[in-house]
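Order as written gives the chain letters A, B, C and D; numbering starts at 1 within each chain.
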Amino acid sequence: MNRTYIIRLLKEIQDIMVGNRDYLINLDSIVGDGDLGLTMSDGFVAAYKAVLDSEEPDIGKILYNAGKAMSTAVPSTMGTLMASGFMQAGKVLKGKTELTDMDIADIFGAYLEGVANRGKAKVGDKTFLDGLDPAVKALKEALNAGELLPVAATKARVAAEEGFKNTTNMIAVHGRAATRGEASRTLEDPGAAVAMLIMKAFEKTVVG
Amino acid sequence: MNRTYIIRLLKEIQDIMVGNRDYLINLDSIVGDGDLGLTMSDGFVAAYKAVLDSEEPDIGKILYNAGKAMSTAVPSTMGTLMASGFMQAGKVLKGKTELTDMDIADIFGAYLEGVANRGKAKVGDKTFLDGLDPAVKALKEALNAGELLPVAATKARVAAEEGFKNTTNMIAVHGRAATRGEASRTLEDPGAAVAMLIMKAFEKTVVG
Amino acid sequence: MKKIINQPENYVNEMLEGLYIAHPDLITYTNDDLRCLVTANKKEGKVGIATGGGSGHLPLFLGYVGKGMLDGCSVGDVFQSPSAEQMLAVTKAIDSGAGVLYIYGNYNGDIFNFDMAAEMADFEEDIRVESVVAGEDVASAGPSKEGEKNTRRGVAGIFFVYKCAGGAADAMLNLDEVKRVAEKAANNVRTMGVALTPCVVPRVGKPGFTIEEDEMEIGMGIHGETGIRRGKLEPADQIVDEMLEKIVNDIPYVNSDEVAVLVNGLGATPLDEQYIVTRRINQYLKGKGIKVYRYYVGEYATSLEMAGFSISLLKLDEELKGYLDAPAQTPFFVQL
Amino acid sequence: MKKIINQPENYVNEMLEGLYIAHPDLITYTNDDLRCLVTANKKEGKVGIATGGGSGHLPLFLGYVGKGMLDGCSVGDVFQSPSAEQMLAVTKAIDSGAGVLYIYGNYNGDIFNFDMAAEMADFEEDIRVESVVAGEDVASAGPSKEGEKNTRRGVAGIFFVYKCAGGAADAMLNLDEVKRVAEKAANNVRTMGVALTPCVVPRVGKPGFTIEEDEMEIGMGIHGETGIRRGKLEPADQIVDEMLEKIVNDIPYVNSDEVAVLVNGLGATPLDEQYIVTRRINQYLKGKGIKVYRYYVGEYATSLEMAGFSISLLKLDEELKGYLDAPAQTPFFVQL
């Protein structure tokens, strides 16, 4: 897998965010200000556009540039967090032009790290992390156990879905939802939904 | 007639303004901002109070002080004009402790002059002057013709009433009413009503 | 009526108490009367400049008392003239032998009282007083003909008259000269306003007029006096163009004239909108070949919590530029 | 929605155009981006101070860029953070080798973007950046415990942080020292607000919340964030007492402490009312034995056309007094 794959991945994520624009608006309208559908579709469109026509072979640079474009386009909470994920992935993958399966897992691992460093949230705080963290764990575990990438990707997607659903058992401690305190518990976290959508898009790129 | 008479005159004017407070409010509410009943009753009360307990024999000074008290109490359009009338009367009568009938006419003449100098309106501009000017003329004419003060005072009061009624044939060119232009013509001028009330009070002091 | 006040009767005095607490280095009062406000930094030998008027227009009128502008201000109830006696007290306090200039807006009550105060100052105190009346609201009346009385209302443009006269007095010009400069400024300033919402006089407790949710009134006065026309709210650029058309044709301004511009918020209109207005003024005047020497933007003369704004243009010559640029320091206006 | 605007999408950029037209001597922009505002008078060798945040709060944030205060500000859409890229552009423009201090309000979007910008400045430009986050609204959360993150919102009190840090930078202190002074100010300032009416974000076109004609909300944030309690509107003195009680008990202040006080109008509340509030603050603090060193009264941090006000207290020591008193000149704040 090389730059072509990464660009394909960015396109699938863009498409799923555009397709789920209203779904995310609705989710965020319940707990926040309802902008998440707009910022995620605008942001991932910008990320994809920024790398689409580049000849850049360095996968790290591609990811970093996608992140910078996203941060410029949508400097909102989740916009900046997603940008930070891309930029961290870019730093970790820097110099690579070919990817192993484990490199793919490292992209998501670094993405998770980038978001966590930027947002300083912990797993269990009812955020994006609660969707992506179980997915990254599942992906790495499966690959380490010798599974093929398509199988591992499906396991990661399932884990993200479960992580997302599990946010209805958590109290929000960051962002707008946090002002609700205990009353936030039963609500689905919109940021975790974004993590689930990313994993769905990823699964599509390898399962076909 | 001496200071006792002047103080009696101020008391009668005060009483009639207090008694016609609502009448003046209503008149001013039609063409202006409705404050005239308040400012005239407050103002003439202040004028009377200021001289009531003084031992001052100089009638000029008494009138001047009444004017100053009024201007301090009610610095509105009519408040300041009435104060200017008193103060001009004070200047003209300065030094007198005894009054002839003609001195009485001079008080009102000077009062008229004080208001005219301050407001720079002309007779016919639909103001206070259109109530007081015909009254002063009638008063002086009657005294010059040898009539007794009570008879002359009644003629002055009648002239003031007619002057007031005549304001319904004039277009306002000063103050708030002026913004109505031609539409102001058929309305009674509240300031001219004050002139009529002053003349009524004066008549009472000499007719009894 | 949504106001942060105590008893409406105490509105003005409590405001003044707060003012003296906040600005003890710049202002104080005389005659044991909070409403007789004077500078805390009297400059000996200088012509004194006094103003006065009703409350409800902050920073007008009192807010321009300080260094390099005004020396005293008598303060009336909301939208009511102060008394001649209060004006006289201020006059006495600020005179230091060079005489006193009154600068105030063209309203009946103020005129009568300032005239009375000027006479008292002359008769009772032997202080020479001159007066300049600011009346520059082009929406309130036509231009006055030669020799006729100016019947236009005085509004935000009085700021320019204060600033130029204040600069002249601070340069130690004599009373006649300071008056000449003030008159020149007054003759060369024009203003027009627009209102979007009414204001509430605290003691009255309800709006002085009503206006629909989608309407504006062009030319309304700062006490809610009727304007030129009421109509649907339009885009900012269109409103500005209509107002400037009236102002620019009034003096009139000619190509290559230089002006100072005052964009003034009436109370509730955010600064953002005042700058959107500034942007359009710049485009419009450029189109007419009129140069802008200096902009002032902000709340300079308000009408309680009224929403809306006014535009004032001052036509400049070299002398006025100099006095406009002179430094000043007051509670509400500081210029280096 | 009664606003003097053109297309809501152009609100921020048209406001900025007007701003640059009105204040060319003080501010300009970098990176060909109106939203990257920087001082027109860069002082070589000085620590640069940058801020940034959403629009709709004028004079916050950009209005304090000038001499003696801030050097740059990145400008976001109404109530939205600017981007890290814009912050980086400002950072590059204002750095002159001594490093840059970021001072901004405690909001997620702003924090994430300023952190990202700081990293970019370090990695990509080799500029040393430090950050101080202002979060002093006592109504928004409890005090943070030792070592815990401060979760309070940043509101008007940031003015004091700007002023003290600006004074320290202007005195040519190094980055660590300027940061220390800014942190001291941030740690010693407390604010509380009250809102009477909502505000309308231009692109949204309707109020962010509703509030009854006889109600107020104590503790509401400057984007309409829920406050401590909603209740019937009370007399000014009572409202002030309730707010000060919360503020004074928070640091806490002790007898003979000295403070600076900021009375801040949220947009539609007339200055008169702000001074009525000032009067009561003075009475209250006197009663507690707290000395007021200096008052600031006016609109320092607004919320579009919201009616209401906030009170900020800054606990002073000799060092902060010196930097607070230092001269400054910006489009919205001039101090001699």
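By our rule, a residue touches a chain if its C-beta (ideal position, glycine included) is under 8 Å from a C-beta of that chain, and two chains touch if they have at least 3 such contacts.
Just so it is clear, the structure is predicted and the values come from calculations on it, not from any experiment.
Where touching is counted per the definition, chain B and chain C have no chain in common. Steps from chain C to chain D, minimised over paths through touching chains, total 1.
Note: the chain lying farthest from chain D is B, by mean C-alpha position. Inter-chain centre distance (chain A to chain D, centres taken as mean C-alpha positions): 34 Å.
With each centre defined as the average position of its C-alpha atoms, the distance from chain A to chain C rounds to 59 Å.
One finds 86 Å separating the Cα centroids of chain A and chain B.
Taken together, the touching pairs link the chains end to end in a line with two free ends. Of all possible chain pairings, those that touch are A-D, B-C, C-D. Looking at the complex, you find that chain C touches chain B at residues 76, 80-86, 108-109, 112-113, 115-116, 149, 225-226.
Residues 68, 71-73, 75-77, 80-81, 83-84, 87, 118-120, 174-175, 179 of chain B touch chain C in their complex. Of all residues in chain C, those touching chain D in their complex are 2-7, 11-12, 14-19, 21-23, 55-56, 58-59, 194, 196-197, 213, 216, 233, 235-237, 239, 263, 267-279, 282, 295-299, 302, 304-305, 307-309, 329, 332, 334-336.
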